[in-house]
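The same subunit A turns up in both complexes below, where it pairs with subunit B and then with subunit C.
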Partner chain A sequence: MSRAATTSSRTNRTAVRRRYSLSSVLYPLFALLYLLCAHSAHAARIGDISETSLSTQALRFFTFQDPSVRYALLGSMLLGISCGLLGSFLVVRKMALVGDALSHAVLPGVALGFLWNMSKDPVAIFIGATLAGLLGAGAVHLIKQTTRLKEDTALGLVLASFFAVGICMVTMIQRLPTGNKSGIDKFLFGQAAAIGAADVQLMGVVTGLAVVVIAVFYKEFLVTSFDAGFARAVGLPVQAFHYGLMLLLAFAVVIALQAVGVVLVSAMLITPAAAAYLLTDRMHRMLLLAALFGMAAGALGAFLSFLGNNLPTGPFMVLAATTVFAAAFLFGPRHGVLARWWRQRSRAARIQRENTLKAIYHVLEARNFQGEGVSLRELAERRRETEEEIQAQAAALARHELATLPGEADALFLTPAGWQTACAIVRNHRLWELYLTHTAQIAADHVHEDAEKIEHVLGEDVVRELERRLNYATKDPHGKVIPAVPVTLESKPEATPGYGRG
Partner chain B sequence: MGFLVATACGLVGNYLILRRMALVGDAISHSILPGIAVAFLLSGSRGSLPMFIGALVAGAVTTVLIEVIHKKSRVKQDAAIGIAFTSLFAVGVILISLFASKVDLDQECVLYGEIAFIPLESSVELAGLKLGPPSVVRMAVVTLVVALLVGLFYKELLVSSFDPALSFSLGINSTFVHYALMAMLSVVVVSAFEAVGAILVIAMLILPGATATLLSNRFPVMLGLTVLHAALSAVLGLHLGVWLNCSLAAAMVVAATFLFVLAWIFSPEEGLLSRVFKDRSGAVEPRCESAGSSE
Partner chain C sequence: MADAPPLEIHDLTVAYHKKPVLWGVDLVVPPGKLVGIVGPNGAGKSTLIKAAMGLLPVSSGWVKVFGEPVAKNLRRVGYVPQRESVDWDFPVSVMDVVLMGRYGKLGLLKRPTKADHDTARECLDKVKMLPYANRQISNLSGGQQQRVFLARALAQESDLYLMDEPFSGVDAATESAIIALLHELRADGKTLLVVHHDLPTARNYFDMLLLLNMRVVAFGPTEEVFNYETLQKTYGGRLTILSEVAEAVRVKG
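Up next is the complex of A and B:
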């Protein structure tokens, strides 16, 4: 119980901190939004501009000459924020494809909203699409509960059938005499240029709502997402939060439709959030990063689609988000592919060094520790490796100041640190062998392989515990002495092998 | 044509459902778009061979991409699917709208497909027999090949779908079966693509199989039901489409959905109605009985 209390107080603190950081992001945005909405000039749509060069288009974009540019940019950024925030929850809940299903399922609602008064009335479309989205989410739930079909099939079913109904209606509308110029087909791939003042207002409201709801119920969303059992135990209405998230998600999908299009909304939900997921382990940072990435992708997509005339916006936004994801995937400091590869490489190098040191110890032990240096030829015979390989290993030891190669560089002399590491490795190996034969009753000739691996990862604490359990034994199962690690020599604790190094 | 598409898709789709890969089908049906676009740009024609190759390559790239993102980072499989196919689809849409707008490979056709235009094509004659329009012939060949492959490798597909460990011990290479299935999926999707469009393919993949799953427990019966469902939804869908004057492909899917809902409600074993009756008559039965049947 006390642990639960500390957890909740900690999440509480994070929530408070997050509320501050969010509001600091939000206020300037809202200020910008109101400025733009006050400006109710109706200028030419971006698509109307014909044949202009790239540079003039870029200039027009950056100087924000026409309001439509500002609307498009602002709308794209707002939708990026809301999608990034809500998508984060989808990604950590492993529900990424629910976003996909939901985004396809809203299409019949869009078409219905359009049919309501045969125009692109944002409010009617918004209501219709939200209803359709919720209906879709409900249908997935129902299919999952009442049949033996699995979740992925249920998602696919709902996605496909709702989308088909939607396409049916869209094509019907397009074949109506008035429907042809309606631009309802823009909902499929998105055209940020079609965003008007009313749309931006709606986007602002929805994004604000999403931010406020998430900030206020941050703790609850966190708990229900990561530990539904615990949430139920402390009396949180898990289902209600699930449906609340679905409702917000439906809102976000609907506002994103115009700019990104039905088909690619799911990418705006998943990709920025997944990129953020690779970069941090803290949920509040992930939310901030995802919102930031979403915003950047939205802005970049709007810009690129503006450069070429009449290009669909959605695909460019998605590609911008994918680029961010690819960068996080490759270069992420902790979970990136390169970082992992580097960690694996340096671990392999450390194990190699430690094995060489162990071989040196064995050579020294074989001649009862007479004489100081170990010639490379002796080492090569011991490890059954070629001279070149041994030379490379010796150079690696010298680089790490574990041994010196004086004179003609044909013999290795261990430094105090090298000697200490060598002793520690051999001690680990023999202690582990003794532990396996003694406590786990494994035959003495079967324990070597296991000890070969474990010797590199045993930490000091484990070693102390092993020594205690084995009554500070001095001989391993093969009758060899378990060396003590000399601590008197300028002791460097980090020179002993164990977790968390290199 | 609609029947052929639905049959081929349904047969492959059954395995996707069994393997819980329904959404991989969705992913591949989206992501073959850049493959087709690139093949079209390189070859400059809408011939079937470059399209097939492009789609196969794109399908393979998607599968590999999902695996790589999933295995090499801590992103879960569902998110990996979402990222991979949306990116590829975006590339495809951009390629088409940038380069292909002047030619006859247009967005609309790629997305919805136009089954209605097929009768307008001139028919192919082989050995004096009128076989029908070329796209129908192509689809028929693909359907036959799929049916043949499913028949020949029935055991392998079944075992590796239900019990990968057993299939490993029997010496069946599951990875190979997996990639072969993906290749088959790509071929089916690309050939169905012309008729029903990139997006509605997913409906054709999942709906027949899901309906059959509700109606039967036996796999051979399921495959048979799949074909029946395909035939019914094609006929009903075409009538519906003509009646409502909307996209025929979409109408087919709507009809298929209607059949699924019927199965959902009236299925003898799993249906909502039989469930209600069971609950009523099962009031005196031990509780665990009904709990077991709801699985």
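Up next is the complex of A and C:
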């Protein structure tokens, strides 16, 4: 029963992970698609920009003389920080879709806030959008509670219907006489250049609030995210923290809307946090990294958008964040693809070396350890390989100082370290065979294949235990001597790299 | 109130989606006992633990811990949830998890102090997991994960412990280590309720047994309760009438 439960929770987990990695793949696609469309739409304008104006633009950006540049950059960095921090909690709570639904659900509220006094008043829009977001969250909760539908379906329903309402309202506003200059269309794909002084103030307040709340209630957010049942058992108001987090999340989405756009804002929540998740396994470090990545992505997005004469900012920010994610995915020191590939490769190389050493031992054993050198031809015959393959293996042994290959002599001589490793591998192999035949009652002709794999992974403490259990036997099931491993002072740990590791 | 029993449950009924899973449970657990809760799958063992902790809404009845409603006395209750109830890929270290056991005593706004860290270290040492303190929890075996949960409950420094399947999916060495620890806690005067799913060992491990199958079949000292008749009542027969009524209530509701 428990095993079944573990497996199912594990598949659940992978499914969840797939879900948010899917969205981090989906959004860049979206962003790219939009860029392509935007390219054709603004082709004439982009063509007008000569190379000198690119550098002038860059200069204008980096001198920060233009106040609108300062606001855009500052605002983008602030929203990156708040999105990264709150997105981290979404990712570890497996609620990535909630961020997606929330960000789409706020659009009707943005439109309502605009209609309040027909202007882009940050506070009115903030209030409208937050209310719409909370209404959306409430609708999800209601559907979940009153029907048999599960959360993902409820989220999908709410996301689409709220977004549809929002699009209708935005289109309506744009048709109004004053509407077409309102800049409300910027809320769809984002425009950092539209950020004004009042916006930056609001963003500062919200980001400051998020930082303070998370810092003050860090331990509560940690335990309620990790184990809500236990958190309630120690008397914490778990629901209050959940709703507090949702409210902060709604705030973060709303302040990010103008610069990132409704469509892509959830990517700013998820992508920096997902990248951070791949790079660390402590929550506080994940929060710091995610905030940093979000900030960098925001700044880069604002810069690139400015450089391209105010192209939509959202796609650039998301692409910048995705670049960070891709880098973490590929080059992450522990979980990265490259690191894993390298570990596998070096492990395979070690096993190859150990097998060569074992073959040398076998050749020496066959002639009762008379003479020290083993010719490459003997070895090739033994391992049933070509001379070239054996030469490569001999070179590998020489590189790791396990054997020497003196100049013209066509033979390999084991170093003390090489001899020690060879003995260890043969001992592991024969001990394991003996263990299987003795303790697990497996026939002697069935154990060789298994021992071929196990010999490379047996740790020293397991070997001790096996020896003890087998009463320090000296012969394996086939009657061959189990070698003792000589201890040489100059080469102990290096000789057995990676022992005891999987 | 000094003489109030560690755990008193009166006429407790719990329902999931209006379908009752526990019926009219009455229970008075005497202090200093190691009590095993056994019963078939779906008997409501975990439900009883969760309801006793106040983690589930109850349809009727009440739970008192040392004479007070459980919500007021949570600090005197330690809790070990099922191991499968959390995501073991969560970015926390073993130490972080054990420190969570101190959060109830710390209260809001306070950070774990040096003393809390020391307590957590001691608790980890008791379950022989101190060397793993700085590991991420995903790098642990099932038995090690279970020990971390136990250490976290120890860090709560409670008088009553409720444990949901602490022996599930653990190796033999961990199982005997856990049982030794439970005996040690009992010797310190703690009261322990442990959900257990293995009948043969239940007989040897516990002072008292609660045989549960949607209702209390029997509760008493192990040697009195562990007999063919009560076990037959607990496991044999599907309790058809109760099941049918439960289904009828659900459909109507």
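Here is the rule we use: the second predicted complex is superposed on the first by the 421 of 502 C-alpha atoms of A that agree within 3 Å, B and C clash if a C-alpha of one lies under 4 Å from a C-alpha of the other, contacts with A are read in each partner's own complex, and residues count from 1 in each chain.
Quick note on the criterion: a residue touches a chain if its C-beta (ideal position, glycine included) is under 8 Å from a C-beta of that chain, and two chains touch if they have at least 3 such contacts.
Quick caveat, the model's predicted, so the values are computed rather than measured.
*Asks:* Pick one for A:329: touches subunit B only (first), subunit C only (second), both, or neither.
*Replies:* Touch partner of A:329: subunit B, not subunit C.
*Asks:* Quick one: is A:436 in contact with subunit B, with subunit C, with both, or with neither? Answer first, second, both or neither.
*Replies:* neither
*Asks:* If we overlay the two complexes on their shared chain A, which of subunit B and subunit C does A:314 touch? Say first, second, both or neither.
*Replies:* first
*Asks:* Counting only touches as set out at the top, which of subunit B and subunit C does A:102 meet: first, second, both, neither?
*Replies:* Neither: A:102 stays clear of subunit B and subunit C.
*Asks:* Go through the superposed model and pick first if A:152 touches only subunit B, second if only subunit C, both, or neither.
*Replies:* first
*Asks:* Touch test for A:280: subunit B only (first), subunit C only (second), both, or neither?
*Replies:* A:280: touches subunit C, not subunit B.
*Asks:* Report the partner of subunit A that touches more of its residues: subunit B or subunit C.
*Replies:* B
*Asks:* Output check: A:94 vs subunit B and subunit C. Expected answer is one of first, second, both, neither. What do you get?
*Replies:* both
*Asks:* Share the list of subunit A residues that count as touching for subunit B in one structure and for subunit C in the other.
*Replies:* The answer is residues 94, 277 of subunit A.
*Asks:* Provide the residue numbers of subunit A that touch subunit B in the complex, in ascending order.
*Replies:* Counting only subunit A, the residues touching subunit B are 91, 94-97, 99-100, 104, 143, 146-150, 152-153, 155-157, 159-161, 163-169, 171-172, 175, 185, 188-189, 263-264, 266-267, 269-271, 273-274, 277-278, 308, 311-312, 314-316, 318-319, 322, 325, 329, 332, 335-337, 340.
*Asks:* Over in the complex, which subunit C residues touch subunit A? Could you list them?
*Replies:* 41, 50, 53-55, 71, 74-75, 77, 79, 81, 83-87, 89-93, 96-97, 100-101, 103-104, 106, 108-109, 111-112, 136, 138, 142, 152, 156, 165, 168-169, 197
*Asks:* In the complex of these two chains, what residues of subunit A are touching subunit C?
*Replies:* Per the stated touch rule, the residues are 1-3, 5-6, 9, 13, 92, 94, 216-217, 219-220, 222-223, 225-227, 229-236, 277, 280-283, 285-286.
*Asks:* Given the complex with subunit A, which residues does subunit B contribute to the contact?
*Replies:* Touch list, subunit B to subunit A: 17, 20-23, 25-26, 30, 69, 72-76, 78-79, 81-83, 86-87, 89-91, 93-94, 97-98, 107-108, 111-112, 199-200, 202-203, 205-207, 209-210, 213-214, 241, 244-247, 249-254, 256-257, 260, 264, 270, 272, 275, 295.
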